[in-house]
Every structure is written in C-alpha cells, then in structure tokens.
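The following pair of complexes shares a single chain, subunit A, combined with subunit B in the former and subunit C in the latter.
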Partner chain A sequence: MENDRDKLLDVQDLTVRFYTDDGVVHAVNGVSLSLAEGETLGLVGETGAGKTTTALAILGLVPSPPGKTESSATIFDRQDLRLLKESEYRKVRGNKISMIFQDPMTSLNPTMTVTEQIAEAIRNHRNITRQEAKVEAVKMLETVRIPADRAFEYPHQFSGGMKQRVVIAIALACNPKLLIADEPTTALDVTIQAQVLELMKELKNKLNTAIVMITHDLGIVSEICDKVAIMYAGEIVESGSLEQIYDNPRHPYTNGLFGSLPDIEKDVEFLSSIEGMMPDPADLPVGCKFHPRCKYARPVCSEQIPNNNEIEPGHFARCLIYEGKLPGQEVKKYV
Partner chain B sequence: MSDPLIKVSGLKKYFTVSTGELHAVDGLDFEISRGGTIGIVGESGCGKSTLGRLLAMLLKPTAGSILFEGTELTALKDKRQLKPMQQRIQMIFQDPFSSLNPRMTTFDTIIEPLKIHQVSHGAEREEKVYEIMNTVGLSERFVNSYPHELDGGRRQRIGIARALALNPDFIVCDEPVSALDVSIQAQILNLLKTLQQRFGYTYMFITHDLAVVKHISHEVLVMYLGEMVEKAHTEELFKNPRHPYTKALMSAIPVPSIHGKKERILLEGELTSPIDPKPACRFAPRCENASEQCRRQAPGITDLGDGHSVRCFLE
Partner chain C sequence: MGQTEAVRPHRKKRSLWTDAWTRMRRNRSAVIGMAMFAIILLACFLSPFYLNYETNVIQPDLEAIRQLPTERHVLGTDELGRDILNRIIWGGRTSISIALAATVFSSVLGIIIGAVAAYYGNVIDSVIMRVADVFMAIPSMLLMITLVSVMQPTASNLVIAMSVSGIPGIARIVRGQMLSVMRNEYIDAVKGMGAGSLRIVVQHALPNALSPLISQIVSSVAGEIMAISGLSFIGIGIQAPAPEWGAMLAAGRNYIRDQPYLTTFPGIAIVLTVVSLTLLGDGLRDALDPRMKR
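This part shows the complex of A and B:
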C-alpha cells in the first residue's frame, strides 16, 4: 500500500444525503477513495449510482440545503477540504482541482470566444494581465490541438469533439493536480471519442495529472485507468487495480456488468443481463443494497450489511460471500 | 440472398436547406431477408435515422424504390392504401422519454394502434393488451401508470409493446438501447432476440454501437454521409473489414478487456458536410490512404462475393 504522505486525495466515509419533501435521498453512502499523484481512478456505475454526486462533494459543490455532505476525512494535497470557507474553496476549484462535465454543448458560454473563456479561468487564479492570459490561452488551445487561427471563434463554430477539447483546455489551464472528468466522451461519436481519449492519455502522461474518470463504459476505463471503483446505489461495491477488476471480478454486480456488455470479440446467443432495476435512493433495500437483483442472494443478504472485505491485497468487495455467510457460493467470471 | 422481404433500390432522400441540398440518404441498394436482422451502423449525421424513417414510411423518398413483398411502398398514396402496410411495418424509437405521450397510460398507449387499425373488439381487445405486456415483460401492475412514473427500461418496453401490438412483419429499431444503462440494455437486447425467435420478426437495427450490432444482426451495412461504404454478413464484416472507415470504426471502440490491446487507427478530423457533396469519395478527407483519384472521382461499389461489397478504389 502506498504511504499516506504520497496520497494526493484521500476521502473517507463520504456521505451525501438530500432532504426533500418526499423523504431523504441517500445519494452517497460511505464512499472511501484515495489517489496518488499522477494516478487515474475509474469510477464506474450506472445512472443514479452516485458517481457525479461523489465528485461534486469532493469539489464542495453539493447544494446545501437540501444536500448534506459528511465525511470522516477529505484530504487533498495535505489540506482538509472540509475546513475551507467558500472563498478558499474557490481558490482550489479550477486551480488545483478541475472538472470536465459531460456535455460540451452546455458547459461553454456561447457569448464568449473560446480564448476568452480559457483566459478567464487563468486570470481567476493567477495574477497576470489580460494580454498575457490570452497568450497562455492560445498556447493551451494548441496543446489540445486546436489551431491558433481558430482561437477567436465562438463555441457554435466548433464541432462537438472540438468543443470538448476546449473544455479540457479550460480544465487544464491552471495545471491542476487533480482532474475530475465526468463522462467526458459520452456525448461524442466513437471516432471522435477515440481522438479525445488519446489526447487525455497523452496529456496525463505529459502533465502528471491525477484523474478521476467517471464513466459507465468499462471499455474506456480499461484504456486509461490504473485503479477501478465500481459504484452501486451510492456505495463502492468493488475496488482494486485494473488487472484485479478485469481479470478477476468478485462482486456479483461487477460480474453482471461485464456479462451485460455485448463483446465484439466473442459470440454469445444471449447476454447474461442483471435482472430488475436500480433501487430508488430514497428507498434503499435493507441489508445488502444489491440483493434484490443478485442471483447469489440468500435470506441472510436482506438482513446483514456486508463489509468492505479485502479479498486480496488492494482488492475489496462488499459482499457477504467473502464473510463466509453464503457457504458454497462463489462468483465466477462472466456466468 | 433468398426470399427477401424488402428490396431497396436507388433510395435517395434530399432535404432542401438554406445553403443547398442536404443529401441525407444518397442512393442505397440493399435487401433484407425475411426473419433476419440488418444492422445499420454509422456516426451522427450519416443518414441512418433518415433511412429508418423512409422504410417506416414516415418520410417520402426523393427518388428510388422500396419493394415490400412485391408492393411498391413509395407508390402508395392515400390512407386506404397506406393503412394495411403501416400495420405490417412498425418502429421502435430511440428515446423512451420523448416518444411516449406523457398523458397516456401504458394501457392507452398499447391499445391505441389496435383501435386505429380496428383489431378485435371490447374485452378481447383489452385482453390483447395484457397479453402483449406479458410478452415484453411488463408487469400488469403498470397498466395504469403514466410514462413519468416508470424508468427508462420499462418505458422502452412500452415502446416495444406498442410496435408489437399489430403483429407486424418488419420492425425498424432506431437506436432502441442507446439511452439505457448497460444492465438494462442487455435486458432489452435479449428481449428483442427472443421475440424474433418466437414470432419471426424482421428487424432493421440502427445504431452507432458496433458491439451491439454484432450481437444482434445477421448482416451489417456501414453508412458514411448518406452512402453505403460497406455491407457484409456480420461474421465476415468483423473478421474481414475492407473499407478504411469500417476499420477505423472498429478500432475506435474501447474494448472492456485489458489484454491484447490493438493499435488504434485514429481518424483525423470529423464528418464533412452532406450539403451538395462534390463528386469524390466522401471519406477521402479523413482517409490516410486517399489518393488523387479519391479526391476527383466517386468510387463505385465493388462486389467481393458472398454478399460482401465495399465502396472504395482500393478494392
């Protein structure tokens, strides 16, 4: 295990709840994750798993009220983020931690040229003149391979892939230590997605930026990530290195996710889908949150909450099988 | 190919826009065999949805013919001629959030086509609604639910139920799983396959996802800017892709595995404009093998035998 001092980000027991008129929504339930400098973590899950809320909580962007964020530790770069005042948080966001949002069409300002938008991000955090910031901004555009002669155009003049590159340029403008990318390629076509992924890989190696990659696509994770955390109903149900998760998925949900994917290299008549639907975060099942959809489930699963069991060094799974509560049951890959 | 259900030839659809003619579908020829699935693959703007709408008779083609069991669909004029064909051709739409009427319950949505086409009566007709709900795996307790009360997977099941209600022969599926989560996507794909085996439906499956298309189709047609660039049986296409665009598409998919990573063919640039295209290969600006000839002349279709054809000068 890495030394505590090497950790860039260390979140322990993060909980986010939303208090609404219809009850309490348990969006994130005790998520712990850590990341070293230059490392890339894939945060994988389906709609409503709490991936984006986790990211927003790290950035201190969960609206309160109705949201309430709690954790036993949120350390970033040896700084306790929980103690920051809003004005201090603003100095961190967009500077040391940046975020890329899913939809490049709506995250850019249509009334400003792309250079102005990048320069704005730079001037928010560095004490330089407008002119100097513009020069920096054009350099940034060239880094993401947008030619300088298009630097003074508006977002509507760019295609989807180029807009997402502008968003990446804004996020990287202040050379952040941590980049949170929330489904950065979901809105793009596959050939454009491939271009953006290649660019992100290249920049990650060049700038040594740590990345939290939020995605539902296990293919993208395998391209770019070092570590993986699988989320379900606001919990991390399995985590480990890329090899551990892909070669040896041990949680029934992870296994089900792999089985649900049509594989371009294999032929199967039917996909082994996961039955049922994601639970409502305002009304989560008692016991293991996955048990109503789990084919290994036994009565004990609706009574006991599984721990985060370490099944091999660095590989964790939140399932009662690994606590000896389901004798004879074993999760086998893709069945 | 034996016994084609549908034969498309020279099919074109142009839209007039302020800057010229947009060639959405530009001269397609293909057949769809009975009980089979043809996958239509391409990126946004390649005309695949327009093609789906043409075959579902929701759009009138600019030119060309669509023969459905010998009936020329493009020649049908009034309601009296159209209705019996519409009953046999149905469509499933991409977005289960916007393709259902928010003011109609599950029951109303599924019974509507039965009413319009006057299929059975009274209690028998109502019984049919429950039967169809059962077929698509929708529990009866949702019969009086409105779309907003249901999640994406269940809504898409309603969309499928509505298409099945009239017991059609041919169903156009326009990205039916793209808006769904992977675990739900697998459920819907399995359902569509089971239904085909049970009732012998013929599908046209439109998608941008090659893994999905490989899983569900018997034959695949790859489109680029309104044209067919390659067509083959699924197995053949994935084993032996010939067009540079097909190859690039295949290598662009992130494979959920950490072993045997292939070298990726990265395409430069993005789709060029489909408005008044010049007589040249439409893929040439992004193709690394493009020669002078590709930029001056439009390539024809080369038949490689056994149903495999490709539009490229290299063949």
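This part shows the complex of A and C:
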C-alpha cells in the first residue's frame, strides 16, 4: 500500500488510561491509525468506545492528571507529536489539526459574535490585525454558506445547523491538514445532517483536508469515508477500506452493527441487536474484550487476546476465528 | 427562544448585554432601584458644585442648634447647628465612594484570585481556598475593626480594610462559577483551536462566569455602605468633623428622645441607598440569568 512518506497521520499503539480513586480506567487500548492527505477515516463505535478520547489524545488534550497518554509513535506531518512542548503543541492545534466538537449548541462561546470567534482562531496562529482577521472570518462564513449580514450576530441567534457550520468554519479557518470531526451531525436533525455532510464533502474536495470522522452512524460513514475503523472497548476491532468493511465485514461485532440496521429490501419483524452492554473500561474482560457479548464465543475467547489479523490486504480483524482457534466457526454476514 | 428570533424580520446586534438591558428595562423594581441610586449618586457627587464644605457642611452655627426642619434647614440642624441635609449629601459622597472603591478593589482581586484557583486547580486551588476559608471564618466586621485599628482610620485605609474582608467571598463565587464554566464544551473547543491559558480564561471563561457575579457585586456595594456606616458609628470610620451617615447616627444617638430627626434622616439615607442597590442587584440577576427567575 502506501509508504510512510505519504502518511499524514500515523499513530501506533495509542493507549490512554485514567488513574482515578476507583481504579484505572482503560479508555483507549493500543489503537493504531494512519491516514494519508485528503483521506477520510471513519471511526465508528458505540458510546463509550473511546472514540473521543482517541481524538483528544491525538490533539494532546487528555487532561493529565488523571489521564496518561502513551504510544509507540504519533507522527503527524513528519513531526513526532509526543516530543512537542505544550507551547509547540498549541501551534499545531487549530492550525494543522482542528477538531469539531459534538454539540454545536455548547461549543460556541455565547458572549462573542461568531465572527469574533472565527477571527480569534485565525489570530491564534497568524500574525494579522484584528480587522484583517475579521475580513477573513466573514469570508470563511461565506464558505460555509452563512451570509455576511449574519456575521456579527451571537450564537444564540443561530439555529443548530448554522451553529455547526460556524463550528466547521472555525475548524477550517487556518486551513488545517487534518480535521477531527467528533460526531458533527449527532446533535442535528436529519435534513440539517444532510446539509452539513454535503458541506463537509465539498470542503474536503476543495481544500484536500484529511478527516477523521468520529460517528456511530454507519450511514454517514458510507457517505463520506474512504477508510473505516470499528472501535470497541478502546480497541480497533476491525479496519479496512469502506468497501472491505461494508461488503465483507469479518468481525462479529461489525456484523452485529450492520445487523442492527434496518434494510429496506428485507422484510423482518425485529431488527437484531447485540445483546448486553459495552464493558466498564475500569473493568475490562480478560481475553477478547467482545467475548461476553459474542455469539461465536467459546471458552478460548476468555483466555486468549486476539491479534490484529490481516484477512485481505489492508483489511484487519481482531478475532480468534481468523487465527484458527475456533474450528468450524464462520462469521455470518450482517448477523 | 431560538425559534421566535429566527423569524424576526429585522435584526439588531443582540449581545448578552443588550439582551439583559432589554429585560432589565421591563423589570419595574429594577428600574426604580436604578433611578433611586442614580438620583442619590448625582446628588452626592455633584455636591461640590452647590455646597461649600467649609461654610455649609462643617461650620458650626451655635444659634441654630438642634432645630426642627425649617425653610432654611429642610431637615433641621444637628447638635452643632449644622444643616443635616447638607451633611447627609456630603456624607453620602464619602460613604458611597469608599463603598464603591472597596467593591472595585475586592472584586478585581477576588476575580483574579478566584480565576487562578479555578484554572490551575490542585495544590494552588487548595492553598488559595484554605486561606480564603480562614479569612471567611473571621466575622467581617471584626476583621475590618482590627485592620482599621492597626492602621490609621483614613479613607484609603478604610478602603483597604473593607476590600480585604470582601476578597474571599468574591474569590469563592468566581471560583465556583469558573469551575462550572470550564466544563463547557466551548472551552474544550477553544483549547482545541490552540488558544493559550490567558486567552482561555480572560476571553472565554471569565465573561461567561461574570454575569451571575455582577448582581452579586452590585448588591455587595450595599453591604459595603452598611460596613462603612457601621465603622463610623463606632468611631473608627470617617473622623469628625467630616460628615458620614454612620457617624451622624452616632452623634445624634444622645438626643434620640427629644430630637429623633437627628438620627432618623441619616438612617433614611442609608436605607434608601441600600434598598436601591438591592433592587438594582436583584433586577440585574433576573436580567442576566432569565432562567433563575421564579
């Protein structure tokens, strides 16, 4: 596949732990991600799978203490992020890597006009006057299709979809190489979701920004992503290209996720669901972390930790079935 | 709320402050409080233009001692024949300016200290807040009396003493507000955009933490006026012959049986000022945080 030089982001074995009074919370356990310029990666998983924490760890924003971030490599744009001092990291954040937060209703400062907030993001990284920054900010708002006559209003005068567009404008203000979008459409209703996605697609093509799209919505992933990584309990259980994952999901968890989606062509009485709950990250199961909820689980699953097995070029699944440890078992598609 | 605003045809610049101002104008008691305080402020601070300190305020007139209100002396005269109205006005100037100065100092320092404690947390927070606890454990009147008696009872020392006893309370409120504001997602978002600590605190956290504090600060001016009057009443505040409401009360106390107006009028002045500030403070609270109402 691609060689290391093309990689914009390369994270190896990222681990985030929170040392609390009630024990150690294993939020992210050995996540590896890589992304080329202009590529979009969908990071999919249930609530509490560690998606957001992974994103914050890339930005160096995991609160420490109690959090502790470790990895064997975190290379961004040929720069080792682990070696950066806080002041140097600040120059990366919002400039080369930006993040869109989940809830547009709360991620804007209610006491500043939207233009001021975009201008501030620009002035954090570029040495220009307040006035010039404001001009840039209004241009940026027009890029996300907010008319200039609304530019000097406050966030509470905007609808949810417009706020999210403002948030996107802030994130893109410095023309970042990597955009981390943490469930950018979850708080929006469906029609606005479609608009925001359309906008992101357009901007991605125009600016050639790489995107990490964090979501639990497989529909959004299929719309916008080139690569997919499925997260469960702080691990990536399956990863590959969009086609590989959607046409040929191999991990029981991925299949469970697809099985829980309604299919317009199939006539079923109930949607299948994955029984049980995401394990408590302070008390993860031994062996395969998914085995308590897995239909195919055998005793061996609670003893051995599965490797990240390459099933076909670029398609990985973390399941013992592909190590020949569960003879006679085969994962059924979408069930 | 967002819905109705979205369909409004004309759009004006509507910041938190202009919105609050609109709400405040609709609140009758707040407007009354504001008007009362404005009149008191104007009367007191314009007094040098229509009163002469030497002749109208401190000049004894032994032929007109303890007179009932007359045309010449609208509120009567005191035990040295001085016009009570003039002394109330001049004294108000002293009381209110000392109270305002003390409030400004204690607010500025309290905000800085509280913000530092909340932003840095951990050890810094613990140390600052424990020191604040120690100060808050001492009754503020007692603390002020002690501080003023150690220093000289000059106006600037009074301001210092009153500020010191006001700081811990403000710092505590600011810290609490800051802690809750810092949990908002926009603070994370700003961090994610590469803003530095100072910008996060000054630009983003404080303005959002301040609105509940403003009404608190306005109301605390009323408390400081009570404090300065109290200190003067027991004789360690403003020194004679300069007039001050508390000192006038103390002087008139001896004649309360026969000439109660010597104490009544300065008392009314204190009450009116405190009530106006309290109304204003309550109105500000409702205007700045509409959800708190009822």
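Basically, the second predicted complex is superposed on the first by the 332 of 335 C-alpha atoms of A that agree within 3 Å, B and C clash if a C-alpha of one lies under 4 Å from a C-alpha of the other, contacts with A are read in each partner's own complex, and residues count from 1 in each chain.
The definition used in the following text is that contacts are C-beta pairs under 8 Å (C-beta built on N, C-alpha and C of every residue); 3 or more make two chains touch, one makes a residue touch a chain.
None of the values given here were measured: they were computed from a predicted structure.
Visitor: When the two structures are laid over each other on subunit A, do subunit B and subunit C clash or fit?
Guide: With subunit A as the common anchor, subunit B and subunit C both fit in the superposed model.
Visitor: Tell me the contact category for A:91 with respect to subunit B and subunit C: first, second, both or neither.
Guide: Touch partner of A:91: subunit C, not subunit B.
Visitor: With both complexes superposed on chain A, which partner does A:31 reach: first (subunit B), second (subunit C), both or neither?
Guide: In the superposed model, A:31 contacts neither subunit B nor subunit C.
Visitor: Contact-wise, after the overlay, does A:297 reach subunit B, subunit C, both or neither (first, second, both, neither)?
Guide: Touch status of A:297: no partner.
Visitor: Which of the two partners, first being subunit B and second being subunit C, lies in contact with A:159: first, second, both, or neither?
Guide: Both partners, subunit B and subunit C.
Visitor: Identify the partner contact of A:9: answer first if only subunit B is touched, second if only subunit C is, both if each is, neither if none is.
Guide: Neither partner.
Visitor: Is A:261 contacted by the first partner subunit B, the second partner subunit C, both or neither?
Guide: The first partner, subunit B, only.
Visitor: According to the stated criteria, A:321 is in contact with first (subunit B), second (subunit C), both, or neither; which is it?
Guide: neither
Visitor: Return, as a multiple of 10 degrees, the angle whose vertex is the Cα centre of subunit A and whose sides reach the Cα centres of subunit B and subunit C.
Guide: Angle at the centre of subunit A: 80 degrees.
Visitor: Quick one: smallest Cα-Cα gap between subunit B and subunit C in the superposed arrangement, Å?
Guide: 6
Visitor: Residues of subunit A that sit at the subunit B interface in one complex and at the subunit C interface in the other, please.
Guide: On subunit A, the overlap between the subunit B and subunit C contacts is residues 159.
Visitor: In the complex, go through subunit B and note every residue touching subunit A.
Guide: The contact residues of subunit B facing subunit A are 43-44, 151-154, 181-187, 189-190, 193-194, 208-212, 214-216, 238, 248-258, 264, 266-267, 270.
Visitor: For the complex, give me every residue of subunit A touching subunit C.
Guide: On the subunit A side, the touching residues are 59, 61, 90-95, 98-99, 101-103, 106-113, 120-121, 124-125, 149-150, 152-154, 156-159, 167, 170-171.
Visitor: With touch defined as at the start, can you tell me which subunit C residues reach subunit A in the complex?
Guide: Those residues of subunit C that touch subunit A are 1-2, 5-6, 11, 13-16, 184-186, 188-196, 199, 203-204, 207-208.
Visitor: For the complex, give me every residue of subunit A touching subunit B.
Guide: That would be residues 46-47, 159, 161-162, 189-195, 197-198, 216-223, 242-243, 246-247, 256-265, 268-275, 277-278 of subunit A.
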